[in-house]
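Below, each structure is written out as structure tokens.
Both complexes shown next keep chain A, but they swap its partner, so chain B is in the first and chain C is in the second.
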Partner chain A sequence: MVVAQNTRTNNPVGKSVARNDVLEKVTGGATYTDDIQFGPGLLHCRVKRSPHPHALIKKIDYSKALKLPGVKGVATGDDFPDLIGLYLKDRCFFARGKVRFVGEAVVGVVATTEEIAEAAVDLIDVEYELLTPVLDPEFGASPEAPLIHPDLGNYDHPNFIFPVANSNISNHFKIRKGDIEAAWTQCAAIVEHTFRIPHVQHVPIEPHVAVAKCEDNGQVTLWASTQSPFAQRALLAKALHIPESDFRVIAPLIGGGFGCKAGVTMEAIPVAMAMKYKGQPIKFRLTREEEFYTNFVRQGLVIKIKVGCDKEGNLLALQNRMYWDGGAYTEYGVNVTRAGGYSSTGPYDIPNVATDSICVYTNHPVGGAYRGFGMAELHTGVDQAMDMLAAKIGLDPVEFHKKNCVQGGDVLATGMVIHDVGIKECIEKVAQALDWEIKDKPSAPNKLRGKGVALAWKAPAMPPNAGSSALVKMNSDGTVTVSVGGQEIGQGTFTAMAQIAAEALGVPYENVKVSGPIDTRYSPYEWQTVASRLTWSMGNAVRNAALDARKKVLDVVAEAWGEDAKDLDIKDGYVISYKTEESVSIKDIVVYGLPKPNDGGWIGGPIVGAGSFMPSYVTGLDAETGQGNRAVVHYTTGAQGVEIEVDKETGRIEVLRAACAFDVGKAINPDMVRQQMEGGFIQGLSSALFEGCQLVDGVMRNPSFVDYRIATAADVPAEIDTFIIEHAQDDGPFGARGIGEHPLVPSIAAVAAALYDATGLRITNPPFSAEKVYLALLEAGLVE
Partner chain B sequence: MSFHRITIRINGNLEQVDVPGNLTLLQMLRDKLGLTGTKNGCASGECGACTVILNGDAVNSCMVVAAECDGAEITTIEGLASSGDLDMVQKMILEEGGVQCGFCTPGILMSARALLNRNPHPTEFDIRDAISGNLCRCTGYNRIVTAISRAAEAESAAVK
Partner chain C sequence: MNNAHPGLPDFVEYVKPASLEEASKFLVAHAGESRPFLGATDCIVRMRDGIWKTKYLVDVKGLDGTNQITFDPAVGLTIGAAVPMNKVAAHPAVIKHYPLLAEACHWVASYQLRSRATIVGNICNASPAGDTIGASMLLEGVLRVFGPDGYRDEPLNGFFKGPGRTNLKPGDIAVSVSFPLPPQGNSGRYIKLGRNKLGDLAIVGVTAFGYPDSSAASGYRFRIALASVAPIPLRVPKAEELLASKPIDEAVLAEAAQLAYESCTPIDDVRGSARYRKQMVRNLTRNALVDIWSKIRKDA
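And then the complex of A and B:
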């Protein structure tokens, strides 16, 4: 299944070549941010945090802290008054004037050791005047709620975000398509239900860590575990009023991100400290407890769905009102809300749609990007509602999904016409793998058994003009160095990029190296490593750069040989002529050039190919109706199904087997696609069975691995079937589109559907913990 | 702060280290000896990223006091491959595609090695049990389980 490393793999696209980033990961040689040695001059930072969800800061007294030996200094909100934020600029480096969530940074301390910095934090006194917190998004959106950001009307934001001044609504995305009121009268069955999806945490095994240093001349370097080195450079340089070229971000390998290392999060703090205390590097790393309660969360969602179909089961209308619990700052969350809005139908063809996707400030942790970017939360509501509607109209769920899923040419709720998608084949594959028609008996008398299926779609959520660039440098040993600005976050992007470059150039995969770590001083620009966009967008840039290098090589050889470049090709690292059957190894020409005929001088020289990519066709959407020509670049679609048993004595759900199928356009590396499907499904399953931030009065009550459980090796089904469907993406490299996030999108809804099939119960507020399931069984009289 | 002079055999080499009484084995490995392959994921014994083999047992090095390791034999991820040859668990986890971000990988490999040292013929349950204290957020675990199982088979075939 994996090609051995000592081979020459030509035309590697579509082959499961060995990854190029993993050897050092199994020997301990891979360098993550915390592994970089900074020597004895390294200083350490710790933070005094707010214990209150909503309060005015009346007084900060750090005089005792400054007297502690080893303490270098402190910083507060008053030192850095500028607002930052990826989409909506609503956040300061440290709290200014008031705190808006438990865990918000109030004072930063720099000291010679972490222990001294922590001791100094304990010596800081902050006086607060408590304010009434907003702890529910639906209430937060109402006029009765206290205002969390009275200045919302003045905050800077792009024109596709719609904040409502003098409210807690930081974005209100709407769709109005067709005539929804008339449509209800034609429905033979209608389902109306409210679903509540809790906040969950990303839980990368590597906690956030960043080191910042400001030189005396004002140049700043940030070493960070980050998905967004270029976005961090742009946002932080602007907030600090320094040129972008004076702000350098070095981004080593990441030990898992899943969205929480996108944008700017805790990195702002060591940068701020470094600006104030110049000349020495300052390290800040989050404890696991801080990782849980102070960082970006997947925001909670209250989703109210009304959906109806005719008597044949054809969907006619959907009303979808979503209240996103955006937390204290919604700089990034406003775009999760937008994505939830324009994708609010799920992958279903529905002629009449009314959507309100509302991002609400609350005094909860800050919502950010999380693998799926709103889609897992959305589908947890929409797909369960579809399963309910199928049951109500008397259709098998698989039949219902196949009848209603989107197909190429359909006009989506935003007015966009969707491209060719293979979602119907995905449904069929999943149903087949689970022997959908066969109802298996439970394995024991105390067990109930059932199957469920759910669909997924997701588009890259990003600004319309998010771009990528790449360089392909040819070396005199015949190897090729590819420079990119996208991050290797575990998904295997460096491998996929090497495959794409090798394929486009005509050299073996093993001869292509991808240069890391990403360094904004030397790496070409990349917007962010998010949105499942790298294979497609950065892949296009790499392909273009490789084609540019290829053209330069062929032009040189054509001139030297007196041939037409059209008769030349590069195969296995050799330039060959179809006309004369001459050949030459590229290593002999890509640096030193070629002699002209008759000793008439030289041509060529070192060859570097450059390429970039930016979608040019995404249009704006009308603020009142959500209508526009093209809302997004494309959708990756798929289906997932599970077979489960429920233990009546404990309420525990055991997943016996699972099947995942996604249309990835073209699998650049099929085995890596399967790895994404398996890993993503298990992350989704973990959120279905175990995960949720227990927020009580704004305080997270379970900020540890003991109390916030994630799936272990003992929890996962051994049998996970994966299927790759390939309906080519018209503007993807070799037809590819992304798959990184999608596999966890349908997991909660699939488990919920199987739980219904097994027990007849609808539990609509995940996680489906053993306790919750048992109590539901008890209440329904299924156990005594 | 009291310091202790300890002698340990680490990855086959004898080392003498002066450690303060409150230093954990994890801190000693990373900050005193520069062995940064062992990862810090929680510093509270819950995630397994810092697993090393201490006197034959897989332990969370963040929960071990360095000063108490005098005379101990310790193997870290840096010592798993011998004279350039990957250990069988390393080879198999690469072949099976059981590595993504790689942050949990060192700890998982050390747990796997300790398991196979004491139980050369583990069942699937034994394997899942042995790595159930090693959290992984990327892979979904099954490829890792298969890799360890295949490593056990390959090693016992080599013994025969």
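And then the complex of A and C:
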């Protein structure tokens, strides 16, 4: 690495340094999984999928496919009987006995080309006996619904997931706090409403791709576009009965994931094929259409809210009943519904709470992690209900939010006492940016204009003991190599880690390189790149590793100089002594050590720092009441507001401006924090206005960008104000906590509130498409 | 659900004939299993989606002048079949004399796609949603076709038979579209409603065109074409007759928009409901007519 003299950024934490991954990305030089060349031995995989949402598999005939020249072989559920899953082991590599959603993998084919594999798929005949599908989560939870997983009672799961055997309920999370029935009688205003939030897709620009190879000696290597190399190693090795050390995952840069590349999804298929057809790498790529309906979706939600306040507008009680449309398998989704449960109040202080967060198997696509992990869906219901309640009690929504938002020291619905949070300042910043007090006139006679605000909170959703680790290796040219197991997914984590390491060590940011790709053989362990947890958790590990390296450097110099390490410091890559004012460049010592006086030998040697981090304080929650000492590690909180105009002639919503404010504890890189706020808002806006999987009888009718519309640059407001609030996280590196997911969380509710302000209409089933808005205006007599 | 291929199916063969005659003969000899193509922006997608099972894709770009735009102030404009939309929209004669055509081009998909997509392809594809078809019809476009019996002209009014169906027969290759000089003092508008602002297919598209004409009782003539609300790109003769006969004011323009509403027969589909589409035909037709009227009225 060449470091020019004029680009030495010391103490980079809190500075918007240039990202360390941009050059290779904008020039096209960056290597993604599909770019890796495997030579002429590469085989290709395609999959025969279920056309039915729910059916018994009576017969599979792949004899014609095997006769097609170029076909190497097939695999079915019979080859791989083991169950796999992150939080609930409920799915197989290929369907066994029955199919549970349209698009489920039934037969895998390996051939010399992708085209031959695809042609072979068309030659496979599968005979089905159709079963009645479950297409609604509320019905699915009822005793009348056909069972999708009759064996649910036998599935493995950790102790914080609560499946109900002989039902379609794969997790039922409850909170019972205070006395909700008594509280209703104290309420001056009560709002009771049902909201329906559709399935949406992640649509990363890079579709899923994975290549697997099994050596003759049983060693398996998986190259994948993944957020979770270590989780994939753990889950797949266990399901295949091989030691984790024989399973290696290499994870190059990733072209977006937003949660759909977390855990194990389609990677299981090439791995399974490689286990059966050893010795050659096997590649599997999803088409964009498959990306839409065969992979994780953000599950749909039916949320029934009853919320009340006293005559001053103080919240008294909340009843929140959520039916999550978990899809055919809920191995990951059960934890989304748990997160929706323990955070079910939203960032509001409510003394009496009854929550039932119910994860329901349906014959819809498989629900999983999606940026926000349940929070956007939850807030779409809760925050709209709050906006309705504010209107009913006659309070301005901003005043209502400020009056009721959580503050440090509040006892949350789970019994956890929340840390210091800056959400009130976030609300004030957003209101100020939108000139909340001023009612602007519409820009034209055919327009209606309004403003809306909504809040957000989210905690990292993860097992209590999700850990991180890091290595900091000192190089003889004065640079530092940081090894981590967390993934650069576009969020800029490699940049943030370099900043943290540079700050903790005392070297310029430009001298720190973060090594990729992530390789489970060489990279230190990281649970997963999810949950907005890397800056905080991996950042702690990197900081600890850097401090370890720093101590080792100082100990060597102290010994060589006969000084106390306490009198030494590292500044700008030099060890300095405050006592003697001597200094030495670290590059002269971190590999080769320092000579003792009079040629009397050597001190030190190559320096490597190691660090790790794992929260130790998260406790379990009672199965019946949801009460416990500390449900989560922390919450990131914030607010968002929009000003919109509604075109009365078309129903189209135009967002004129937006404001986002979040309490991130400490912004390691303020520009990157702002980018998250802008990007998250735009993704949230997209789901507010355009996005939804149109599922009819289990079939997605719009599985392509032609008919699954996402926001383009033209659909985004020119003005997005962002505000960084910093109430330090007590156990965060330099006080930081995460921001990756949160800005998407309040967007639908904010737009809904603005729509109400503009039109007086509540549309409670996003997306708020032009058609839906126009027809609502028509029904209400606001247009002819 | 159609099973989308990861790439083109492996049975597809690309054919590049050296002349129109050769192309036409090949298409006749392989009728039913071959298609001519230009920018291929629709064709590749349909092949990949498994909607078309065509075996031979016959590349008819660059044959006998299909890459040229020519403008003659005495005769009009001729756009070769293979000229991409970006080139059309940037052509000085198009901008000066046929701005409606340029406006329609701007609404097609994305800039990147328009560097391949062609107007003639858009016309021959005969999608009721085709963005440039309305403008081409209202500007009295005539398609030049080379077929097994040589050249012939196909006026666009009457050319469309149904979604994807036209007067073209196997062996026919559209080589250009020509437009006469438009009437003096004209103005046109294309208003496209998509689900989002950029790159969508039209839920509803309204093309309107008007000009002063002393031979009309009202002193003006208007032409209206509607996209995505009927099996074919739809003209609205009743509204056009009304606007030629009745003295024009806001109420008459609204009446014409109402006639457009009544004449269209949209369907419910994944992009929008018939009910919404009809309403939008009325509102957007009115807006387009009001806008044009403000520009062409002589007392303005």
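By definition in this document, the second predicted complex is superposed on the first by the 777 of 784 C-alpha atoms of A that agree within 3 Å, B and C clash if a C-alpha of one lies under 4 Å from a C-alpha of the other, contacts with A are read in each partner's own complex, and residues count from 1 in each chain.
Going forward, a residue touches a chain if its C-beta (ideal position, glycine included) is under 8 Å from a C-beta of that chain, and two chains touch if they have at least 3 such contacts.
In this text, all values refer to a predicted model and were calculated from it rather than measured experimentally.
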Q.
Per the contact definition in the header, classify A:255: touching chain B only (first), chain C only (second), both, or neither.
A. first
Q) After lining up the shared chain so the two structures overlap, which partner does A:203 touch, if you call chain B first and chain C second: first, second, both or neither? A) first
Q | chain B versus chain C as contact partner of A:35, first or second or both or neither | A | first
Q. Touch check for A:119: first (chain B), second (chain C), both, or neither?
A. second
(Q) Which chain, chain B or chain C, ends up touching more residues of chain A in the combined arrangement? (A) B
(Q) Applying the document's definition of touch, where does A:712 land relative to chain B and chain C: first, second, both, or neither? (A) both
Q: Check whether A:402 is in contact with chain B, with chain C, with both or with neither, and answer first, second, both or neither.
A: neither
Q.
Touch test for A:25: chain B only (first), chain C only (second), both, or neither?
A. first
Q.
Contacts for A:675 in the overlay, against chain B (first) and chain C (second): which applies, first, second, both or neither?
A. first
Q. Touching A:774, do we find chain B (first), chain C (second), both, or neither?
A. second
Q. Of the residues on chain A, which ones does chain B touch that chain C also touches?
A. 287-288, 704, 706, 710-714
Q: Could you please specify the touching residues of chain A with respect to chain B in the complex?
A: 1-2, 18-19, 21-23, 25-32, 34-35, 37, 202-207, 253-258, 287-288, 489-492, 671-672, 674-675, 678-683, 704-706, 710-714, 716, 718, 720
Q. Which residues, counting only chain C, touch chain A once they are in their complex?
A. 1, 3-7, 9-10, 193-201, 203, 270-273, 275-276, 279-280, 283-284, 287
(Q) Under the definition above, what is the set of chain A residues touching chain C in their complex? (A) 46, 51, 102, 113-116, 118-119, 121-122, 285, 287-290, 649-650, 652, 689-690, 694, 699-704, 706-707, 709-715, 769-771, 774-775, 778
Q.
Quick check on the complex: what are the chain B residues that touch chain A?
A. 30, 34-44, 46-47, 49, 76-78, 80-81, 86, 90, 93-95, 97, 99-106, 109, 124, 127-129, 131-145
